[in-house]
Amino acid sequence: MTERLKVAVLGAAGRMGRTVVEAVESAEDLELVARVDADGDLSAVTDAGAQVAVDFTVPSVTEANVHTLVDAGVHVVVGTTGWDDAALGRVRDHLVHAPAVGVLVAPNFALGAVLTMAFAAQAARWFESVEVVELHHPDKVDAPSGTARHTAAGIAAARAAAGVGPSPDATSQQIEGARGADVDGVRVHAVRLRGLVAHEEVLLGNPGEMLTIRHDSFDRISFMPGVLLGVRQVARHPGLTVGLEHLLDLGGRR
Amino acid sequence: MTERLKVAVLGAAGRMGRTVVEAVESAEDLELVARVDADGDLSAVTDAGAQVAVDFTVPSVTEANVHTLVDAGVHVVVGTTGWDDAALGRVRDHLVHAPAVGVLVAPNFALGAVLTMAFAAQAARWFESVEVVELHHPDKVDAPSGTARHTAAGIAAARAAAGVGPSPDATSQQIEGARGADVDGVRVHAVRLRGLVAHEEVLLGNPGEMLTIRHDSFDRISFMPGVLLGVRQVARHPGLTVGLEHLLDLGGRR
Amino acid sequence: MTERLKVAVLGAAGRMGRTVVEAVESAEDLELVARVDADGDLSAVTDAGAQVAVDFTVPSVTEANVHTLVDAGVHVVVGTTGWDDAALGRVRDHLVHAPAVGVLVAPNFALGAVLTMAFAAQAARWFESVEVVELHHPDKVDAPSGTARHTAAGIAAARAAAGVGPSPDATSQQIEGARGADVDGVRVHAVRLRGLVAHEEVLLGNPGEMLTIRHDSFDRISFMPGVLLGVRQVARHPGLTVGLEHLLDLGGRR
Amino acid sequence: MTERLKVAVLGAAGRMGRTVVEAVESAEDLELVARVDADGDLSAVTDAGAQVAVDFTVPSVTEANVHTLVDAGVHVVVGTTGWDDAALGRVRDHLVHAPAVGVLVAPNFALGAVLTMAFAAQAARWFESVEVVELHHPDKVDAPSGTARHTAAGIAAARAAAGVGPSPDATSQQIEGARGADVDGVRVHAVRLRGLVAHEEVLLGNPGEMLTIRHDSFDRISFMPGVLLGVRQVARHPGLTVGLEHLLDLGGRR
């Protein structure tokens, strides 16, 4: 019988942490060996012999957690927000001295959202036009969503790299706002509707055809397949990996 | 055997007129008895014994055509643009003296577009949120489209009549334009994409559910079922009718 | 200040009943005056002076509840399943002797689902082609869903009443099942997908255009606006009303 | 100034050939130097100094054309149908002796359709459920479409290679056909609707989320960007390439 992978969850009492605990306990190939609160003692992780730790704590402690775990030879999957380039650089440097350890920092664990961004970037250079529509519940304070801005930026970068110009647009009479927000030259429209959760649609057009890539997120549980994928694969990716897409065998230009 | 309805087409050499000529010729229950150019002589219509005339001419002659045809006892279906309230009022007054004659003036003959507007107005009061997305080819100069503005105005009027307040929206940080144009308090988003023709989507949201009504127009031919419907029904609707929706048995408040 | 409407909930401990209790308590114009279990004593309803009772009990007691409440002069909104034509007939007969009392029996309280069915039936006669696609979670045992079968039957009846023939279909080579189920001559396709709840799409096609009416149900909470609508309106509709659509001012042929 | 690429079109009088001729003439970086009928003499191609030839002829002559052009050192883009593994093998063998020449044989030049198939195959292993819905005009005789069957087969192969089991499905009561056709274990639904051209939707579901990849083809013109891409790139891909996806920098496992 295959040995089960030993997993610790940090921030286990939080909203995401509790969902991760349940997901690990439900997975036949994983064994939950430690659950630690956001402000708890990490010695429980190593005492329990954890091979992988999942960090859904808070921005103020997540980087220190990662350094401690790397020293202990524990692979880490990080879902906590608040990482900037400087913090990522310090982890990358640290990992030079622990070449067998893998750390995955992912801003988004929903496989569908990650694939939407990756496919949009791959497809964007082959179409004359591209726009993004995102749809969320009406209690959201920012528009467009961070995911949509990130998607549009990825599309713009891919088009620029391939030498593709802006999408055509003959609009000369406009009611203000009709053509959406301009994110790096890509038009992004934000719909707010009671009943919705988080949805994104990338529309690509050529003469005579349209390609649509759409992601619907109905529930926080949608992050779990991505978290478990990270847990299972992080040991095979030593060093620092930023973004779940690099574990999805999507190939293409990186 | 049933007698076929005798039909004349005015503006028969124009783009729409030619399509109407073909559609009438293809319909088993209709007989094309006269085709007249936009600047042609209407005596051909009465000489041929036409019972119904379809007017796709030009704004400068369409009203005069209608008055002439009403005097001749010919029912009229008008697709020419440029009608204002004053012109409609003159036809209404004229028809008092020709109580058996029917005149249908319709700004849009695409059944799907007409039904989308009618259904959106009927549904709007029952939902907390409603927004409109329209999508067109990138050579269009105005945004949002006239159809989308008309749809939004109908939604706004229906909600006002039912005492329903504005759609909820907590947006406080926005990249300019993200939340679309404001048409009578209804948000309208305009997408421009190569490959598209004319498309409109009305999104309505309540806690836990969404209703979507969408119309895709791929080709000018989509107006023909509505034109033929007008031709077949106009005689049964004496007086002036403005808008194809009144021939569709949709009921509701008018 | 306006008097609040006094409401009782029967089956208050059940899954739906609890959600109704919360919804009534959250509505400013309603006052929850009694909550009774599915097997509880209805005298609590009249003792508390309830004007409207909502019944989400069980098939074995719901009809007896209605007769008791009608005798007590209490309006009733029924969401319990299991009503057949005979039971409805008995309530209709009973109401002859209580002409001021209204009873609403509704198989579906999701406004979006009810409107989808109503709009599909209204539109069906004006299009050459119509098909239904329903999408649900993969634990559902029946295909197509009851709602989709009901929608298709309504479409078929509307087309038959208008003398519209079957949708065109030149299929001569088919992998078994590709063209879906035949429900009264209307094709219905059932998709089963992890992550979904309950979704339905009616597709209508004419030359050059398509009309789509889609309902997405994400959560049981979606029934509440319809239940509250019933509570607020049932007193204004004396006699028996079957189906929420009759309270929605949709007009049309009934 | 950059030299324009010299292009010949074979089958130039056919429906597709004429569209290719127009597309080449409209492209600033391409020069149309020869147009040959399906049964015409290929010496015109070499006499005109063509660097690339596009073959939209007929199954009976296309293979002979390719061998002749390879001998003449002309790169070839083939859109003609009817190629089997034996014919492809003979071209591959021939190209061993002309190592600088590139031949591209593509069953589908619509970029959106090719990308839909590629993305569906890449995503399929990461989702618990996947189904395909295709929608076409009602004059189509086969169901599901060849493209949908090809898409489903690619999905099935990708899931098998990754060790992913079948999509869950608890259906136990079914109206015959409701759950669609079974193509290699993937459910495929075929909708037929007046007004449509050719459309395909791949639906992928995980707990709490759905990913949708949809391609709408409105017009034959949608093949042209793919044909021109082939023309511009074929010289950089010596040897035989089967499928436009290999020119799209999609990476991944091939």
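Lettered A, B, C and D in written order, each chain numbered from 1.
Note that a contact is a pair of C-beta atoms (placed from the backbone, for glycine too) under 8 Å apart; a residue touches a chain by one contact, two chains touch by 3 or more.
Everything numeric here is computed off the predicted structure, so don't read it as measured data.
Considering every other chain in turn, the ones in contact with both chain A and chain C prove to be B, D. Chain pairs C-D and B-C differ in how many C-beta pairs they share in contact, with the greater number at C-D.
Of the chain pairs A-C, B-D or C-D, the one whose interface repeats that of A-B, sharing more than half of its contact pairs by residue number, is C-D. Between the Cα centres of chain B and chain D there is a gap of 40 Å. Rounded to whole angstrom, the centroid-to-centroid distance between chain B and chain C, based on C-alpha atoms, equals 32 Å.
If you average the Cα atoms of chain C and of chain D, the two centres end up 46 Å apart. Each of the following residues of chain D touches two or more other chains: 127-128, 195, 204, 206-210, 216, 218, 222.
Taken together, the touching pairs cover every possible pairing of the chains. Contact residues on chain A toward chain C in their complex (touch as defined above): 195, 197, 216, 218, 222.
By the touch criterion given at the top, residues 110-113, 115-116, 119, 122-123, 126-128, 204, 206-225, 229, 248-253 of chain D touch chain A in their complex.
Within the complex formed with chain A, the residues of chain B that make contact are 127-131, 133, 135, 138-144, 149, 167-183, 187-196, 203-210.
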